[in-house]
Amino acid sequence: MKKIPVAILAATGAVGQRFVQLLADHPWFELTAVTGSERTIGQKYGQAVNWIVPGPMPEKAANLTILPTEANIDVPVVFSALPSKEAWEKEPYFAQGGYAVVSNASAYRMATDVPLLIPELNPDHTELIASQRASNGWSGFIVTSPNCSTTSAILPLKILQDNFGLEAAIMVTLQAISGAGYPGVPALDMLDNLVPYIEGEDSKLEIEPKKLLGEVRHGRLHLADLRLSAQANRVPVLDGHLASVSALLHDKAAPEQVVEALQGWRPPAICAELPGSPAQPLIYLPEPDRPQPRRDREAGNGMAWTVGKVRGCDVLDIRFMALTHNTVRGAAGGAILNAELLVAQGLIERP
Amino acid sequence: MKKIPVAILAATGAVGQRFVQLLADHPWFELTAVTGSERTIGQKYGQAVNWIVPGPMPEKAANLTILPTEANIDVPVVFSALPSKEAWEKEPYFAQGGYAVVSNASAYRMATDVPLLIPELNPDHTELIASQRASNGWSGFIVTSPNCSTTSAILPLKILQDNFGLEAAIMVTLQAISGAGYPGVPALDMLDNLVPYIEGEDSKLEIEPKKLLGEVRHGRLHLADLRLSAQANRVPVLDGHLASVSALLHDKAAPEQVVEALQGWRPPAICAELPGSPAQPLIYLPEPDRPQPRRDREAGNGMAWTVGKVRGCDVLDIRFMALTHNTVRGAAGGAILNAELLVAQGLIERP
Amino acid sequence: MKKIPVAILAATGAVGQRFVQLLADHPWFELTAVTGSERTIGQKYGQAVNWIVPGPMPEKAANLTILPTEANIDVPVVFSALPSKEAWEKEPYFAQGGYAVVSNASAYRMATDVPLLIPELNPDHTELIASQRASNGWSGFIVTSPNCSTTSAILPLKILQDNFGLEAAIMVTLQAISGAGYPGVPALDMLDNLVPYIEGEDSKLEIEPKKLLGEVRHGRLHLADLRLSAQANRVPVLDGHLASVSALLHDKAAPEQVVEALQGWRPPAICAELPGSPAQPLIYLPEPDRPQPRRDREAGNGMAWTVGKVRGCDVLDIRFMALTHNTVRGAAGGAILNAELLVAQGLIERP
Amino acid sequence: MKKIPVAILAATGAVGQRFVQLLADHPWFELTAVTGSERTIGQKYGQAVNWIVPGPMPEKAANLTILPTEANIDVPVVFSALPSKEAWEKEPYFAQGGYAVVSNASAYRMATDVPLLIPELNPDHTELIASQRASNGWSGFIVTSPNCSTTSAILPLKILQDNFGLEAAIMVTLQAISGAGYPGVPALDMLDNLVPYIEGEDSKLEIEPKKLLGEVRHGRLHLADLRLSAQANRVPVLDGHLASVSALLHDKAAPEQVVEALQGWRPPAICAELPGSPAQPLIYLPEPDRPQPRRDREAGNGMAWTVGKVRGCDVLDIRFMALTHNTVRGAAGGAILNAELLVAQGLIERP
């Protein structure tokens, strides 16, 4: 198959770099353009970027010349790592200009006709694209992926919802510093310390799951009827967001039943067609001290959820811990998987 | 006032060392004897111990000769930092032998006639001592202090209970490595990592508050009628246990009312007599990113609770964060304060 | 004795805050004024500052109103924590205006008629003040303290020089992050990592000791005839700079002789008059694994050198490790001690 | 080519696990047997081991049954990760029994007729094997690889020796915690701290380079005539030993000449045949803040030296920093490369 040319908007930042890395040898996509800030336009990517992702910078990307973020790039698909405010302004122009905008930005995540997508969870939410196009008169469209903190526990929550009905969840997240980019979090905050605060994160954790776990019926989104409460913490870990969750179920379930449901869960059939979806998206770890960020974040090439410590909760019903790699599954990797889904569903055309 | 001679049982370990440090210039107590393991008996404390507490070893303690842990030491009060199993065997002998055993060990914490004490919370629980003595035929007695993880959020929970009625709480703790002693936690577990497991800690967090918040009526203990659920995590922090708590109240309360209750709380009158009780045992921090372990653990000389981030919880009623210094307030400092209370109440005689 | 009113120039930064802290209960000096940047002028210090020093902000300082850094403050002594470029411009104006400028900035450290001072090393270098005043026509004067990295091993080097003659030294420093202020070093550089680079630090380490170990004869400075070579590294430690040193001596000496010289060294007599000079400025630690930053930086209230691991060097003559607290002895504490020396020598008048 | 069956002696420890990992897909060797301590004999490797190496345990290895460390295993080659004392006793039995013993243990590193090997440095040292066999009457033989700390700077030192003559070197190493195995270094030693001591390491750093840089003439080893002085430090880094080196050269050389020599160096021709030798074993980094452990340790799949900061030294001649991955190049990876060399040289027979 001939590859689909793609561009990355805001390719020089932390998430942009992960896009560059994960697209380097992608079987379906070929990175042919990158955009960046005023300061970097016209420079070679390899010169302009302060590469902070583990591993070397892909050579082909290094030779790309950084373009302005304008809707005149000759590709059908753009991955957006734009800051929220810029995404707000620019993503609609790209959609209007006929691009498939696969965004990791927060700007349009909660917009009613923009899918907030995770292929293993809600691949049918791409139905919203039709009404999005119609109401805006766009030839292109926008799809988004959730915040990295939301991602950390969302798949086990989905499985609880499907099997037992999910009524409420209390989440405490322990989040890695890579989520804040570079320079990001000062070392003085993370040495012999942690910080019980990440701006805007608690509310994302309390809202985004309602959309991800919601239903699209007759082309319209219905948020899940859930109560959520969250506390996000920054901890001295490089990569990997860990969530401690207590969930209230509609149908009571013993911990063993929950473990069985987690282990018995199979991804939607379409996921088998997506090169970036791991064979086993959810891995249950029976050890009492897992998952741990450094030891488990690379599971499924950074695309799997590891879940452990399922046990009863005397206040709600069930407790568990869940972990994902925040810059892979929780950001660039998740968005690329969304683009793969769009290709598989025919919403992005193969050349 | 002439000082009361005291001994420390198991003075060479991490908690034992904190006892040594905190007793060094105590206005009421004078450390005159230390006990240790077989291996160290007969050596000078200064020689035998691998001093891991910040600051220098008190000189007087360094010159004490380590004794066996036997009930023939010429002091009226022993502070016990014994390992649980040894505490189980030996603390009753000391109580029988007429000693006031002020223990930091877990062995007798949940025994029905042994007070689990925090002077700011439940100074009246020392009433249990009478029945303890009677039923065992002891001339001495045992009092205990709670696990360091339990301590971290217990005072704000007490204030919620007193003001609004407390029905349930979900707690996630982020606990410092000093709680595990030396060598304790391997660096390989704490570099770019954290561990969602501390042996036995979840269940202590789910049981001990019921006793601390319980009532002693007619000399008998009634556990508080509470549902609790906890997840303890080990994080790369030296000192200071931070707890994220969601609480279900009997009487609904807005966050502002809770803040007011926390700020308006005053310790029981007897605390004013105790040299180790800080002027302000609970400090409310209005900043959105506090409390933080390194920045707040020394509040009130390590004896104060710092509390922050009070806000509504969409699942239960109220969320907050609370922090205490785990080896001071949560261990040796807490136990010494208990001994001060016993002196103030006349249960330990002044010389 | 009535206290001498003093001001801090640039009191809001990391070093400025340490000045504030260390002057809080100073027996000779009283902090009556603070200056700050444009942005903070007119605000209360307590409001304007992001307090990063361990321990609470002194209350009196919190109530001071921040002034512009101009030579019209009504105090005889100013402590300068100005950035280098600003120090370059402003310190001379203060000196001209009659102030004793006690600076921690690097701007004038190597100026031939400005003393680079450590009271335990070279209290006689204040002789340079007379020629400094004469040649500039100043009624005031400037004295400086060395870079925190230079400080770490300078006292043991001085003792080697005095006892055996010092010809050369190779130094590798492991430096704490507090030296870079806040936000300073990114956590992404210090987690599972270290950085073999601190801008400008190698050359300071290779130049400043020549002045500190030099001689003032007939009012003129003669640099020590030394060869120096240095590599400064940033490591994930909060406070405390550790230096690994190999030294070439004029008169060969066995390690035991060096240890004896270190232990036998006594500070100049005038140090006994200075409240900030520790009783024992150099502490030799015989254990093979000391000094360590966290365990030894507080020695002598952060004002002592701890030295260890003296042994033969097969390439030069003698190896050793030395440690000081970089923001206390190596910055604010060192500068305040310089001011004490100036008082004791009559160069700052007592009121 | 049919693969050569190999065994790992002491396969359960930290180095043993790296052997298991690096042999998993080796093109020439096939892991068919593992040995372990008394406690683990008879168990499946997957059950018995506490896997601490990043990445999953190779499945085939997991199914091997752990054997006792006895010279009756049916393989021609054994990799030894034995503790020093056990290596001392057992490696000769294996050599006598006809095995090629490729050891990472320190026991026989300095024995005059045992090669201490790094293929890029001294592939001809395998000449010693003939005399080793003759003098001991062995049909097998022992070769060893150096300590991980020695490895860190040895290739640049070799290049200096070859180009300019090397007379002396002063080395300060900053060593990762993985070198100490699990549980290894306590977190209490590595949080806001470092330890200027690793048992036995300074002397290994001062001896082993003399052999590695020595010459084998007429079947006899001549140590290099070098003066060395070393200080090893443990720092809070997971993997990667960084060395700061000052070197005295026979022929003076400017930093640019040294950089040219480093960049112009090519490995011995035989290295091109070895699958584990990276295309570019030495990578010179021009940035002033490199190499850094986390950012550079994976260079060349963990088998390359990264070198930077070449500059003049005012005391000796040249300074530089060098880094290697301590458990790959500095341990298991280095030993496997030695075995590859022995195959290429015909000292281990291909099947």
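Think of it as A, B, C and D in the order they're written, each chain with its own count starting at 1.
Operating definition for what follows: contacts are C-beta pairs under 8 Å (C-beta built on N, C-alpha and C of every residue); 3 or more make two chains touch, one makes a residue touch a chain.
Quick caveat: nothing in here was measured; it's all calculated off a predicted structure.
Student: State the chain with the largest centre-to-centre distance from subunit B, centres being mean CA positions.
Tutor: Between subunit B and every other chain, the largest centroid distance is to D.
Student: Could you compare the number of C-beta pairs in contact for B-C with that for C-D and name the larger?
Tutor: Higher C-beta contact count between the two pairs: C-D.
Student: Between subunit B and subunit C, what is the separation of their C-alpha centroids in Å?
Tutor: Roughly 41 Å separates the two chain centres.
Student: How many angstrom lie between the centres of subunit B and subunit D, each centre taken as the mean Cα position?
Tutor: For subunit B versus subunit D, the centre distance works out to 49 Å.
Student: Take the average of all CA coordinates in subunit C, do the same for subunit D, and state the distance between these two points in whole angstrom.
Tutor: Distance between chain centres, rounded to whole Å: 42 Å.
Student: Provide the list of subunit B residues touching at least two other chains, using ranges where the numbers run on.
Tutor: 189, 191-192, 236-238, 294-295
Student: Name, in rising order, each residue of subunit C that touches subunit B in their complex.
Tutor: Listed in rising order, the residues of subunit C that touch subunit B are 54-55, 191-192, 294-295, 298.
Student: Along subunit B, where are the residues that touch subunit D in the complex?
Tutor: 52, 177-178, 182-192, 236-238
Student: Subunit B touches which residues of subunit A in the complex?
Tutor: 168-170, 172, 174, 189, 191-197, 206, 227-229, 231, 233, 235-238, 242, 244, 246, 248, 288-295, 308-309, 313-316, 319, 321
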